[in-house]
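Below you'll find a set of structures to go through.
Shared between the two complexes below is subunit A, which pairs with subunit B and subunit C, respectively.
Here is the complex of A and B:
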């Protein structure tokens, strides 16, 4: 996905608040037309990073380059970029149409042209045309979202930034809007840089994801890479439920763990690995008829089950350790609560991380 | 049975409300009645009704001078107070800066200072600085007390202002001045408007500060007081009524304007 010449380049970008580095030496290239999502827990520095990219804050050190041009000190109103705010920041004293036309009015375009463009954008975002003169505060949450996006698109930015705009919206609508946003991305072919604390949200929309932790970018990759080969325990635990077993490398290339006295068969072991964690996604764990049916097997008690719709999740307790096992609803399983069960996984389906 | 109890409760509530309103308005009504007498002295019940004193008052050059002084002071105070208080309110409620919490306390102190003492203190200062007393010094004196009040009034509006609105406008290409004109001022307008009403009415009705600081000029409240102390004529209630009606018209007009504005904003 990374093109030859990135639209946005970060070189050792750092932001200090007193002695504390909110953003700590980040290098990153974002490709033209990419949907790039920065994800991290609150306080990880992602908002600070985005504000620097949008021109609302300036880095303490490092360079931000837009198509190779140094833009560290270029203020937000001079940058060909635009941001959709968490609060959306719609102008409450203006109608839907006036909100969308705002950047065009500032640019001094004539009213007829402005209106035509606004209606065109409303059409793109599936806002009814009669909303043009509707009070923006009377719109629903989803409609406001679309107005905010239309207003940003009216600016015709080269890059669109999103500061968790969907965080205040209820689950079902959020899922719809996530997909819509990805559709809009395809239609407009613009570069989108999105930040969120939800890796699930990031997965749905992004071409690439950067995971942030304590001001540092810990992993950058496609949603698939982030999900199936996280490089740290932190990244692995960031999406959905995950089983993490502390292990160390023992003899005969087996992993030592308190759970299995005989040792566990590892996936590919990284060079120089000694201690770390074995990460197994719930869908790779399965119930076994007998211990030999998978590379690794553990015996535990079926403690609880949760229906997730298309899938069913089980809680299995092996000693004091809780395991999460998931299977599709249509797969047969006759286990009942408090039964003794054997769970297992194949060595290649687990991931070994060093921290 | 229940409907009777409800009806009884309703009538009691109505009676109580009416009683409260009557008590509040009796003084005002008495002043209006007192202004409608044709006799020279204050008598109750009124023996002879007439509009003589209204005519005399409205034709009096002295009264016109009083009204014009009071209006001039109130208008000057309104303009200056709202301008200062607007920026003061931004510092009060919008921006986070070192010393803000101290500023928030200090700015409110003049409100709690007894006005008559404040007036005297200002008089001493004007004398020390050698400033001749006139309606201009009164404007200054009013500002000392009114700016904090208006700052507080506007701050309430500023607290509900989302700073992201300004950032969004700036991000969409607006200059700082355009942000102020297109976003900050219009969004804060209701607060600025009620702030100016407060400023005007507080200055219009102010007596203790004017008493010390107007010098040779006289405002309506000062004149009324002087006439009450010595030389009462029914011109006093006439002027009092005019003053009250003026305030009512201003308030109702302001209310109507704000409602009309809301309606245009809310319309579809």
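Here is the complex of A and C:
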């Protein structure tokens, strides 16, 4: 995916706050036209990283290169990049039109041209044309979102940064706006760098995802790679409900676990693996008629069930360990609560991770 | 009686007794015959006629002019300091704010007499200059600049603190966003910081203007009665001249003029609109 000449390159970028590294030696190339998302829990350093990329903070060490040019100390107003803030940072004393035109006014473009461009962008973002002279604070959350994006696009940046702009919006509208944003990305062909704490959000939109933890990038890959082959327990748990079994490598290439005295059949074992976790996604776990129907099987008690729209999730307790199993709504499991059930999975469907 | 009205009753009664009643008394008194001391006379406009035919308008102009000059100077002096308190001085802000606040604990008159000692011939300033450099410049005491100095000094906190509040209400994100969209520091100031801190500036200006127009001690103490502001005329009418109705009429006129000016300004700069709430 990484192009021959990336638009943005980070080389050992580090940001210290006192003795604490908020961003800890990050190397990353972002390709031209890519939708790249950085995901991490709060405090993982993703906002600090983005502020350095946008020019609002300077790295303590390392290099940031834009098309090969060193830009560490280039201030935000001199960079051909633009950011959509978490708070949106709209100018409350201005109308929708004045907000969108702001970068053009700063550049000294003439009012007629400015207005034409603003109306064009409002059209692109499906804002009604009569909103041009509406006070921006009277717009709804979703409309403000679009105004903020239109204002950033009016700057005509080479890279657009997004600092969790959808985090304050309710679930249903967020889902709509995520897709819209991806459409806008397609439409404008610009490079988007997005940060969020929601991997689910990242999955919907991104070409590639980088997962951050404690200032470090722990994994970079396509949404599919992050989902299907997480390299750590941390990444695997970030995607949503997973079943995690602590294991160690035993004899005869079987995994030792307190849950299965006979050992578990592993997927491909990474070189040098000794201790770690076996990760099984809920949709790969299934209810078995008898233990031999899958490579691995465990006996437990059906504790509860939850309807998740198109799927149903079942909670099964094996001893004190909780497992979640998912089935499609059309093919529900017919067992009753408190029944003894056998759950199992095929060796190839699980993932072995360290940490 | 609705629960809301019942809850508001104590405040309503207090405001009627403490605010509305004296105001109505003054207004009513301004229509009483000159040099009378009772509310029972036949209402007349003679006090207002007297004022229009007299030279009181000069005092009015002095008061309004001094108020305007004071407000202008305070706005120019206080904005940079307020900006520094919010954005630059950091941990020193608290200490600096405290230093600006402490003089308020001392009576205004005592502070003004302090200025007299400082500015007077052979005083702290001129005496020191004389003994060190051997020259003796003219004292500005008992001149117009001394009055303006005193007013700027006394009303300084009343401009500074609303302005500080106004500037601190400008969200940091809007500054960052403006800069990110290509604005220079000056453009960020002109397009974002200044308009967004306007409510604080405006409240500071209105507050200091109303106070400065009502000022009396500065002209008396530092101006040596070279200049007679309207407040001084009102005082004379109530005391030496023993003409309460005339004093009341002057007060009513002052309130009307200042009230009109404030309303014009508030209409011109709608606070809610400035804050983006309209």
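The rule is short, and it goes like this: the second predicted complex is superposed on the first by the 354 of 355 C-alpha atoms of A that agree within 3 Å, B and C clash if a C-alpha of one lies under 4 Å from a C-alpha of the other, contacts with A are read in each partner's own complex, and residues count from 1 in each chain.
Just so it is clear, contacts are C-beta pairs under 8 Å (C-beta built on N, C-alpha and C of every residue); 3 or more make two chains touch, one makes a residue touch a chain.
Every value quoted in this text rests on a predicted model; they were computed, and no experiment measured them.
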When subunit B and subunit C are modelled together on subunit A, clash or fit: clash
First, second, both or neither for A:92, with subunit B first and subunit C second: both
Contacts of A:102 with subunit B and subunit C, given as first, second, both or neither: both
Contacts of A:42 with subunit B and subunit C, given as first, second, both or neither: neither
First (subunit B), second (subunit C), both or neither touched by A:310: neither
Partner chain(s) touched by A:134 [first = subunit B, second = subunit C, both, neither]: first
Interface residues of subunit A shared between complexes with subunit B and subunit C: 54-56, 75-77, 81-83, 85, 87, 89, 91-93, 102-103, 105-107, 135, 151-152, 155
Subunit A contact footprint on subunit C (complex, rising order): 171, 173-174, 176-184, 187, 191-192, 195-196, 273-278
For the subunit A and subunit B complex, residues of the former touching the latter: 54-56, 75-77, 81-83, 85-87, 89, 91-93, 102-103, 105-107, 133-135, 138, 151-152, 155
Complex contacts: residues of subunit B adjacent to subunit A: 162, 164-165, 167-175, 178, 182-183, 186-187, 189, 265-268
Subunit C contact footprint on subunit A (complex, rising order): 54-56, 75-77, 81-83, 85, 87, 89-93, 102-103, 105-107, 135-137, 151-152, 155
